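Shared between the two complexes below is chain A, which has chain B as its partner in the first and chain C in the second.
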Partner chain A sequence: MSAANSDALKDLLYRLADDQLILGHRNSEWNGLGPILEEDIAFSSMAQDKLGHSLQLYLLLQGLGEAEPDTVAFTRNAPQFHCAQLVELPIGEYDFSLIRHFLFDTAELLRFELLSQSSYEPLAQVARKLKGELKYHVLHANTWIKQLGSSTEEAIDRLQGSLNFAMPYALGLFEKTGYEEALIAEGIFVGEDELKAGWIEKITVILAQTSLELPDLTTLTPVYGGRAGQHTEHLQPLLDEMAEVFRVDPTAEW
Partner chain B sequence: MEPNPSAPITESQILTWLEVVKDPEIPVLSLIDLGVIRGVSIAETGQVTVTMTPTFSGCPAMDYMQRDVEQTLHAHGVADVVVRMSFDEPWSTNLMTEAGRLALKEFGLAPPPAYQQVLDLDILEYAQCPRCNGTNTTMRSPFGATLCRSMHYCNDCRQMFEQFKPL
Partner chain C sequence: MNSLDPRITRLGLPDAPPPPPDKLALDQFETYEAFHQKKEGTAYAYVGPVHAPSADVAFLFAKEQYSRRFACTGMWVVPTTSVHLSPYADDNASVYDELPAAEQTGNASTAEQQEEALYTAGDEDYDIFHLKKRGKAHVHVGRVRATSPAAALQVAKAVFGDQRPVVNVWVVRSADVLRSDDEDRDIWLTTPEKKYRDAMAYRVQDKIERFKQEQKNAPQV
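Our next item is the complex of A and B:
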């Protein structure tokens, strides 16, 4: 692989891995707080899956010469993170976490289905693994969106409010970087536009089975910047908390 | 039967030794029956390489499984053991053996349904009650006590049960 391709690949892997790590951490914040026991377990399980997914992606980065996964996960500060801003937002109320989970994981399942055809075989192998696990995340999200999105007036109002709030951030998942053309040209990834088109189709199908309305996407301004290290004020405190124990003694054996 | 110490060990001997290594979260299921041990090779130097593939990528038991494989082979006098984690052949529940499925059922966990090629959402929701064999069941949550389990309710015998999720 040429040096230029290697840079493009690293850029992609950091975006993928950081999304998983940060949303995984946010999901773990529901541990002990879920509205019902099953949801407590569900968000905690998805947290565990997502940390596992980030680990596999950081291991690919290590194979390309980056530092080992714990160092990469626990020693960078917010400007070095490439996650979309959607994933770093606080968990808020359950309606927001559910909407974010629905919007994110629908995109994520499609993304890894597409990446399972990547010309970079190590990434394709990891993608084939992850997409099987992500089906359960999407199944979980769809079940609750369909049930709550057509239940009481309060549930529908809350979900609609969160959907309207989250949508510009969700569009930020598809922010392109300077490596977009290289990734497409090399067959590493089909690109954000194709992913976004598939994502809109999927969420439209589910929302049509509820009383929720998809906001008019043409009038929304996507929240970009996350892929370039520009983040909300919420990311750095999350990183400080996540790495607090690690930073006490980075050389400790666990 | 212990092998003749002067005879070279064979791959099938290694696999026999590994039958005692169980999934730490489901102690009735051996790693062989689980399908995570994908191959054994023995180099001319005597180095034994065991290739394993993870079940769920975030499964915290994988480290223990890897360590148990090493310790088991060390105990049989194999000094030079390498456990290689690989995604070459990704794990799926279709790799689980019949013996493994039976062991799960006796343990009270519904075995994962075997599926053809594509795992669709219908299969994810299907489960057969391990107690009364009823199929009139409802998925309560795709997540359970461990990453590999989902929670279901049997409308026939009116009991909650867990399933090893098809993957």
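Our next item is the complex of A and C:
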């Protein structure tokens, strides 16, 4: 692999890993506070899966010469993170967390299905391994969206409000970076446009089974910037809290 | 409310929460019973209950409760109200011995003809689960066709009656079972490197002992 490709690959891996790490941490904030016990366990469990996914991706980065996963996860500041802004937003109320889970994981499952065909075999292998868990995350999201999205007026209103709010951020998941062409040309990833098209199809099918309406995407301006290190004011406090214990003694063995 | 847990502080809860509103007497979810398949090709066995607003959600919860720590390859959930119980027999005995003999259906001579006759009669499939020993789990033994749970138990006696011991039988209309999809088998393949999920993985006792020893050996200030 040429040096240029290696840069493109690292850029892609950081985006993937940071999304998983930050949303995993965000969703873990529901631990002990979930709406009902079983759902609390389910949501926390999936949050833990996401941390596990980010670890697999940071290990790939380590293989490409980056620092070890703990260092990468706990010592960078917000401008060095490549996650989309969607994942760093506070958990809000459960309707928002559920909508974000639905929008993000639908995209993530498709992304990893596509990556399982990647020309970069180590990534393809990780993608194949994580696909099953992501499939379950999507099953979980779809089940709740269908259940609540066609239940009471309050549930529908809340979900619709969160959907409208989250959608521009969700479109930001598909922000391209300067390496987009290189990644496509090398067969590492088919590209954000193809992913986005598949994603719109999937969420449309699920929303059609509810009383929720997909906002008119042509009128929305995607919230970009996250991939380039531009973040909301919510990310740095999250990072400080996440790394609080680690930073007490970075050399400690856990 | 101020808490040492920053998440709680962020919720901006009042110091003294208002008393919860009066609830209707029965506002709980239904309960569902979950069965799992431990390994490819083995019989489904009962693992426990969950409570949920619908079968779909019960399936999610069952997956969380009963497949996170102990992997499985498939799962079924059934509303508790759909599980029909036979009487209980003593250990080493069989429930079937206490039932009257099953009636023959028509003049059909072979099992195949009998089954066909039942299908034409518009009967339904029932899943049969046996409990071999009190305290163990009910295990799926097979499926029969019948017009009602009681009739299914009779058919089961004809088909599975020679098995023993059978302390108790569960009869479930097959249509009431929500089953995991074969094409979704990969949802059960969770990544094995998850030691960090288990308290066992954090071996701290040695470190604690060492720390205590150091404290003891340290010169008193």
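Operating definition for what follows: the second predicted complex is superposed on the first by the 254 of 254 C-alpha atoms of A that agree within 3 Å, B and C clash if a C-alpha of one lies under 4 Å from a C-alpha of the other, contacts with A are read in each partner's own complex, and residues count from 1 in each chain.
What we mean here is this: contacts are C-beta pairs under 8 Å (C-beta built on N, C-alpha and C of every residue); 3 or more make two chains touch, one makes a residue touch a chain.
Since the model is a prediction, treat every value here as computed from it, not as a measurement.
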Room on chain A for both chain B and chain C (clash or fit): clash
Touched partner set for A:Q147, first chain B, second chain C, both or neither: second
Touched partner set for A:A42, first chain B, second chain C, both or neither: both
Touched partner set for A:K50, first chain B, second chain C, both or neither: first
Which of chain B and chain C A:G178 touches, first, second, both or neither: neither
Contacts of A:L139 with chain B and chain C, given as first, second, both or neither: both
Touched partner set for A:Q125, first chain B, second chain C, both or neither: first
Partner chain(s) touched by A:L33 [first = chain B, second = chain C, both, neither]: second
Selected from 22-30, 148-156, 184-192 or 202-210: the stretch of chain C that, after superposition, runs into chain B: 184-192
Doubly contacted residues of chain A, that is, touched by chain B and again by chain C: 38, 41-42, 45, 48-49, 52, 56, 129-130, 132-133, 135-136, 139-140
Of all residues in chain C, those that touch chain A in their complex: 6-8, 10-11, 50-54, 56-57, 59-61, 63-65, 68, 184, 186-191, 193-194, 196-197, 202
In the complex, chain A residues that touch chain B: 38, 41-42, 44-46, 48-53, 55-56, 122, 125-126, 128-130, 132-133, 135-136, 139-140
Sites on chain B touched by chain A in the complex: 54, 56-60, 87-88, 90-92, 119, 121, 124-125, 140-145, 147, 150-151, 165, 167
Footprint of chain C on chain A - complex, ascending: 29, 33, 38-39, 41-42, 45, 48-49, 52, 56, 90, 129-133, 135-136, 139-140, 143-144, 146-147, 241, 254
